[in-house]
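As structure tokens, the structure follows; a few thoughts come after it.
As written, the chain order gives the labels A, B, C, D and E, with residue 1 at the start of each chain.
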Amino acid sequence: MLVGVLLVYLLAPFLWMALYSLFPASALQSLTPNLDPRLITLGSYRRLLGDSSFLVPMAHSAIVGISTTVVCMVLGSGCAYVLARYRFPGRHTLLVGMLTVQAVPVIVLAVPLFVLLRAFGMYDTLPGLVVTYTAFILPLVVWMLVGFFQEVPPSLERAAVIDACSRLQIVWRIAVPLAAPGMAATAVLAFITSWSDFFLAKVLTSGNAATLPVRTAAFQGLFAMDYTAAATAGVITAVPVLLLALVAQRWIIRGLVEGAVKG
Amino acid sequence: ATLSGCVSPGDPSAKGSAGASDGPLKPGGKPAGELTILDDNTNKVFQASAIAAFQSATGIKVKTYTMGNFNDLHDRFATLFAAKDSTVDVVMTWAGWTAEFGQAGWLQELDQTAVPKDLIKPALDAVSWRGKVYGLPKFSSVQTMFWNKTLAKQAGLDADKAPATWDEFVAAAKAMTRPGQYGYACDIGNPAGAYQNFLRVLLLNGGDMYDQDYKPIFNSEQGVEALTKFKELLTLHKVMDPASLQTTNASDLGDQFARGSTGIVFNWPFQYAVATGKASKLTAQTVGNGLIPGISVRSASIDGSEGFAINNYSKNKEAALAWLQFVTTGTVQQKIVDQEGWFPVTSTVLDDPKSAAALPVVTTYKETTKYATKRWGTPWSNELDQLLSVQLNNVMNGKTPPRDALNSAASQTEALVKRYLK
Amino acid sequence: MAGQDPAPVDGAATPARRRSRRRTRELRFAIGMAAPALVIIVLLLGYPMGYAVFMSGFDWSEKTATPPSFVGLGNYAAVMHDPQVLAALLRTLFFAAVTVGAGVTLAVLIAVLLNVEFRGRTLVRVLLLVPWAVPPVVNGIMWKLIFDGSTGVVNAIGLGLGIFHDRVQFLADPTWTMNVLVFAETWKLLPFLCLLMLAGLQGIPANIYKAARVDGAGAWQRFLRITLPNLRGPITFALVVQTMWSLKVFDTIYVLTGGSGGPAEGTTTINFLAYLVTFSNLDRGYGAAIAISATVLVLLFAVFWTVVLRDRKEVAR
Amino acid sequence: MAQIELKKVQKTYGRGRNAVPAVHELTYTIGDGDFVSLLGPSGCGKSTTLNMIAGLDEVSGGEILIDGARVDDLDPDKRDLAFVFQDYALYPHMDVAANIGFGLKMRKVAKPEIERRVRDAARRLDIEHVLGSRPRNLSGGQRQRVALARAIARRPKVFLFDEPLSNLDALLRDQTRSELKMLHAELGATSVYVTHDQEEAMTLSDKIAVMSRGNLEQYGTPYEIYHRPATRFVASFVGKPRMNLLPAVRSERGRYAVGGSSFFVDAGDAPDRAVVGLRPEECQLDKVSADQRHGVVKVVEPLGNVSDVIVDLGSALFTVRTPGFSSFSVGDDVRISVERASVHCFDEDSGLRV
Amino acid sequence: MAQIELKKVQKTYGRGRNAVPAVHELTYTIGDGDFVSLLGPSGCGKSTTLNMIAGLDEVSGGEILIDGARVDDLDPDKRDLAFVFQDYALYPHMDVAANIGFGLKMRKVAKPEIERRVRDAARRLDIEHVLGSRPRNLSGGQRQRVALARAIARRPKVFLFDEPLSNLDALLRDQTRSELKMLHAELGATSVYVTHDQEEAMTLSDKIAVMSRGNLEQYGTPYEIYHRPATRFVASFVGKPRMNLLPAVRSERGRYAVGGSSFFVDAGDAPDRAVVGLRPEECQLDKVSADQRHGVVKVVEPLGNVSDVIVDLGSALFTVRTPGFSSFSVGDDVRISVERASVHCFDEDSGLRV
């Protein structure tokens, strides 16, 4: 019973938006919604998925999301491993610093970031976005991974030393596979964050590298508000992440639940 | 050094004329080069045909033409300009931004010789600030009244006769108000909308925003009366759809009208296209169009013309000017009227009978030009919109009496004027 | 002197040198692994952050034709006395308190519910991820569709069930809109908090519940006296991190309110105000000062968190 | 004080096709004031039985009576018993005093009385100086005592222990074991004690219930268990070193050939094939010449005062405990003598004593 | 095969004020092919010593030589040794075969050779049938064997074991202990074995190094350790039941009054005050009348073939191991006789044998 209420609460809003995307504007955008299933049409999807001004940002988002995730995971694992395994002065400060970065508002950083990216010729480019997202997401990734790496029993690494593994091999062959569920959860988090970002993409891209959320928000034009399209775009923007979450759910839940999320 | 040099606060050249040439830009020579244009997403005609025509006519290449979401553009421009970015040559503008960015020294001033002689005054105003011209208009826009003839008929009104006075308007709106249906709706859900709706009633009651020295005078008796009458549409006559308070843009209002549940709206010319479009419940026969009825004057309206301006840091200013001028030419303007339902920026095209044939609203527009149509775009438009929206919301929700609200807004505005008008 | 007795000197130095070579290798490895991430973070966050602090020291309005002038802490002094800032701050605190408070409370309850074995539990846990996967922009659009004053489904349902007499203009009234925003945000942040709490629950040894039963504690008392105290770590963590995130919420507000933070500034949180000041008013110095003041506020939480964190690490050992 | 009766108690986890029977029809009575151990290997259902007595698990069949009254649907806290868990299950967020007093507080005992009883229990177990500490700051032994103190402070009719010593190191374990025995002598409450360590069970208990795979193998005093193991399983599980259990075949004159070797034992009138059990410490070894040997020494394990010698009989290994540091060395030819040993005989198939 | 020499080996964790000395100047030699146990209570520095030999920890002072060559600077994988960890440290993400072969793979041994050696090691330890399983699907005993197989497959000069049996249950522990001993006899590699279980050390080792608080207490054969403990610590730590160690004061005729009671022992020419040690299994008990008694029976712990009787001497407790199920019961007046016992004497302050 309680679970039922919970499910309705969790799913209903999203399902309603999905309905919005499936029904013609006239059916739902009226005082009393008309939920006649015969009205259902995939027209809106057909239109958006056939429109390059929508598909291109979608591809951009996918590229940026995946690249950011990969870069974050690669760089983050290295950094997190060191923070998890080595004791050195300032380690604690660094860890807390990683978390503190969460408090920094993106708003004020936008202009300097823009200048910085342009100086490197990366304004309005996908690499520019990737680098920026990486900077913002890395601290959280590092913070989470430190927790997961700490759970890897040190004796396994000692065994690997005896088995003639180099440091790098230990990370790659022992620590990473063992932290896999946690890493999967972290990767999904990184992907969701970079895939969903709106503000930075808005400021740091123009025509060449616009991403899906920017495009989705743009359905709210001054003279061109299209709710059906916006809902459709919303569903399309959310679905890859949902699919990812579903595919990776075993690891996400295990990673986040068992690895005791530290970030 | 290269990084901080871009926006160093100590750098005196960060302000004023920092472009390639000093002084206003004159047309001349045979410009060449490549252009990057950043436009809003109002017009499709440029991408569809005008750019190709421009390239073949001038030999200038348009490298990129990007349509951004209007809501995002301000932030993007502000970032670009603050960083002295030269990658974008031409930017879209309207009255507020012209004043704001022009005064900041981010837009290239144009010489009078670059301005076509037949430009309509309100359109030129949208690209000028304090006597300086910072761009050329791409289309004109003025609000007019649209009504739903079907609803009017159902309400027992003469569907073809536009209400000519405020009282007639209120009466008509009342007649068309019934359960699930409102006689009138507007868009005061966001700051810009709040400002526009207030400015409109202010002008309709013969008031004005500022005197010659930009002293705010909108809290005059006319202002208070106008706001009171506007408020009464919601609270006393109950003809205004309460959803107006959350409607954040003109397109929502347009859709709402097209849905057929609203009797009367005051909206931009695109409303005609929306109301006669495929998804609409209305047709060309059932859309009424006319002057907005005045309170103490016959009529008045607000201007919403848009244009193009040149980035002061652009390296292709001559070529950019060529684009600006090309947009004002007859062929392009005619297309804007025919295909998109906006008004032309030159009297030549406006007076061309073809225009009125393609867009019946043009007739009303011509009449409107006889009355006050203003916008008062200023560098402090954003701040003013914001503070006025707070006051207006308080008035509509009955939290503050109109007079107090306006006095408060006026004194805040005065501070803004003092800050920005040095 | 130096040449007199070289052997012992050598003998003493060699192992030390050898050992230090091993240590150098470790050091080089550690630096090589950690450096790229740290460089990116410092460069792309540190530089802009420093720049923002720098900006906040200037009267730096792009709209006036005067060049920026140094005002020291003037902007911060102005922030202290700005009624708009104060209003935004109160709004922000309300927003954060309710989202975080309701979020964490619900998360604990849901986590306790989902920690019980029942059929389909895994499915529910998976579906729990749905709100998490919805991007903020989409979240804004979604709730706008739902709470719209004329076509929103909440109104349709409310009228249909006879709960409302008339359409409620949720998005027209500042208070209502803030509540919708709180609702939307809570919905979105819940999954993460839930997982956090579930993680915490898994960490509580099952046997202490048995011990408590033998000791005579009822279900309610077990929740109060065993579950809650043992969730202190995750709860504190959730409180602080979520406060940080709540203070930063932007995308949802932007989309939900058409970029205005309205109606009547009703959803202009301190962060959104910093945005408006920076990007609408182009008052960069002041905008930076507002944002940095807000950050400092959040950092106070972080300091608090550091203390909690240290405590928690000790527990782990 | 209390008497606990188990009548055909059964427990099945899960349902339908996933059903896992954990305990089968247990029937025995734990006398008032007795100290009874449940002994068996891991997974045999000891904890399950204990949990059912405590009321933490429901019985699937049969009934449990405490002092003659059925308790099947009584909540654990109504059964007046205290539970000491293997991992102690101390409340990590309370200090030691609060841990000890929690059960009393939940039962609404008056503050001063709680105070008094906590002090008393702490004094008994010598943990008064750590009353203010959190469990995580205590050593394993101290935690163990806190867990005991928590049980004692309640003064219940019945104590239930689930392997309370298994997390302690050897020295501490021996020490606590003695203390536990003294404590039981003092308090006299009925105690049920789960362990997989036969030595613990032997030294502590009045009676032992040996379990295997959910079944009761034997219920009796330590003496009975040791000297007359009812089943082959009990024989192998109880006693250290492990009893030599070897298949034997009857040959001439009622003697059995053990493990197919030349080593014969007498075993009365048992069936033709049986499993013969001999305790290593009851046998003796003699060095002999190769032609007389029963087997060859394979391993010698000195234990200080005694040494275990493992003899390879060819087909099987046979352990003999010899006194002192053994004089045998690997490879010696030896003969086993069993004159002083009692010979246990078990049915090959059922494993029952014959 | 290899000889390991420790010369004044020291280890300090941390630096400056936080420095924790873990091991003090250890000096001894582990002979080629020997099986040496490091025995001591928890925290005495056994693992630290082993890790230094392995190269997993750096030495803070002194030096370690393997076959006469210094290895301070050699990485663990260059020292040609194999390590068996207490928690086995099996790679959970690899199957058993991969676990066993991992060290060879990392050393770039050819595939077929790896294959061969893995099979061979698995066969020896009887885990061929689980080569394809993941460690988590194995029982504790099987995991233990996999860890051993991993070490064996490498065929190193030296085996290092860090409490490899402590996670096994009693039966399995005894069994694996025997197997380990046979394995060592077969392979003959030098082995260093860390344990806190004196029985394990006694049964397995050629030599034992008893440690306490980072110091070497005694290094010798099990016989020496048991019969001539060099310090009071060794005496108390080795032997089960624990040796009775009681303060004694010399009185008339070279006899010592033990624990201030009426119980006297002879102890040659030792100082006036000393600690006297008597092994419980070397003493005897007699029931006597109250006026002749040394003490009163306090606890009787039957262990099957023997029983430990704890006698209250008034000021101290004294344990005597008696044969069979004891005929003593709590409260009996008893007399202790020590004719057959060797008396160990230790200095009161230094704890050294006198």
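Throughout what follows, a residue touches a chain if its C-beta (ideal position, glycine included) is under 8 Å from a C-beta of that chain, and two chains touch if they have at least 3 such contacts.
To keep track of the chains, here are their UniProt names: A = Carbohydrate ABC transporter permease; C = Sugar ABC transporter permease; D, E = Sn-glycerol-3-phosphate ABC transporter ATP-binding protein UgpC.
These numbers were taken from a predicted model, which means no experiment stands behind them.
Novice: Ranking chain pairs by contacts, what comes out on top?
Specialist: A-C
Novice: Quick one: report the Å distance separating subunit B from subunit C, using the average Cα coordinate of each chain.
Specialist: Using C-alpha averages as centres, the distance is 39 Å.
Novice: Could you please state the distance in Å, as a whole number, between where the Cα atoms of subunit A are centred and where those of subunit C are centred?
Specialist: 15
Novice: Taking the mean of the CA coordinates per chain, how far is subunit C from subunit E in Å?
Specialist: Subunit C and subunit E have C-alpha centres separated by 53 Å.
Novice: Would you give the residues of subunit B that are in contact with at least 2 other chains, written as numbers and ranges?
Specialist: 3, 71, 75, 79, 82, 249, 261
Novice: Would you give the residues of subunit C that are in contact with at least 2 other chains, written as numbers and ranges?
Specialist: 47, 51, 55, 150, 258, 279, 284
Novice: Using the touch definition from the top, which residues of subunit E touch two or more other chains?
Specialist: 75
Novice: Sort out which chains touch which and give me every pair.
Specialist: A-B, A-C, A-E, B-C, C-D, C-E, D-E
Novice: Quick one: in the complex, what on subunit C touches subunit A?
Specialist: So the residues of subunit C in touch with subunit A come to 26, 29-30, 32-34, 36-38, 40-41, 43-45, 47-49, 51-52, 55, 110, 113, 118, 120, 122, 124-138, 140-143, 145-146, 150-151, 153, 156, 160, 187, 190-191, 195-196, 198-200, 202-203, 234, 237, 241, 244-245, 247-248, 250-251, 254-255, 258, 271, 274-275, 278-279, 284, 287-288, 291-292, 294-295, 298-299, 301-302, 305-306, 309-310.
Novice: Using the touch rule from the top, collect the residues of subunit E that touch subunit A in their complex.
Specialist: 51, 54, 56, 75-77, 81-83, 85-87, 89-93, 102-103, 106-107
Novice: Using the touch definition up top, name the residues of subunit A that touch subunit E in the complex.
Specialist: 153, 155-156, 158-165, 169, 174, 177-178, 180
Novice: What part of subunit E is in contact with subunit C in the complex they form?
Specialist: Touch list, subunit E to subunit C: 58, 63, 70, 72-73, 75.
Novice: Hey, which residues of subunit A end up touching subunit B in the complex?
Specialist: My answer: residues 25-26, 29-31, 110-111, 114-116, 118-119, 123-124, 202-203, 206-208, 214, 217-218, 220-225.
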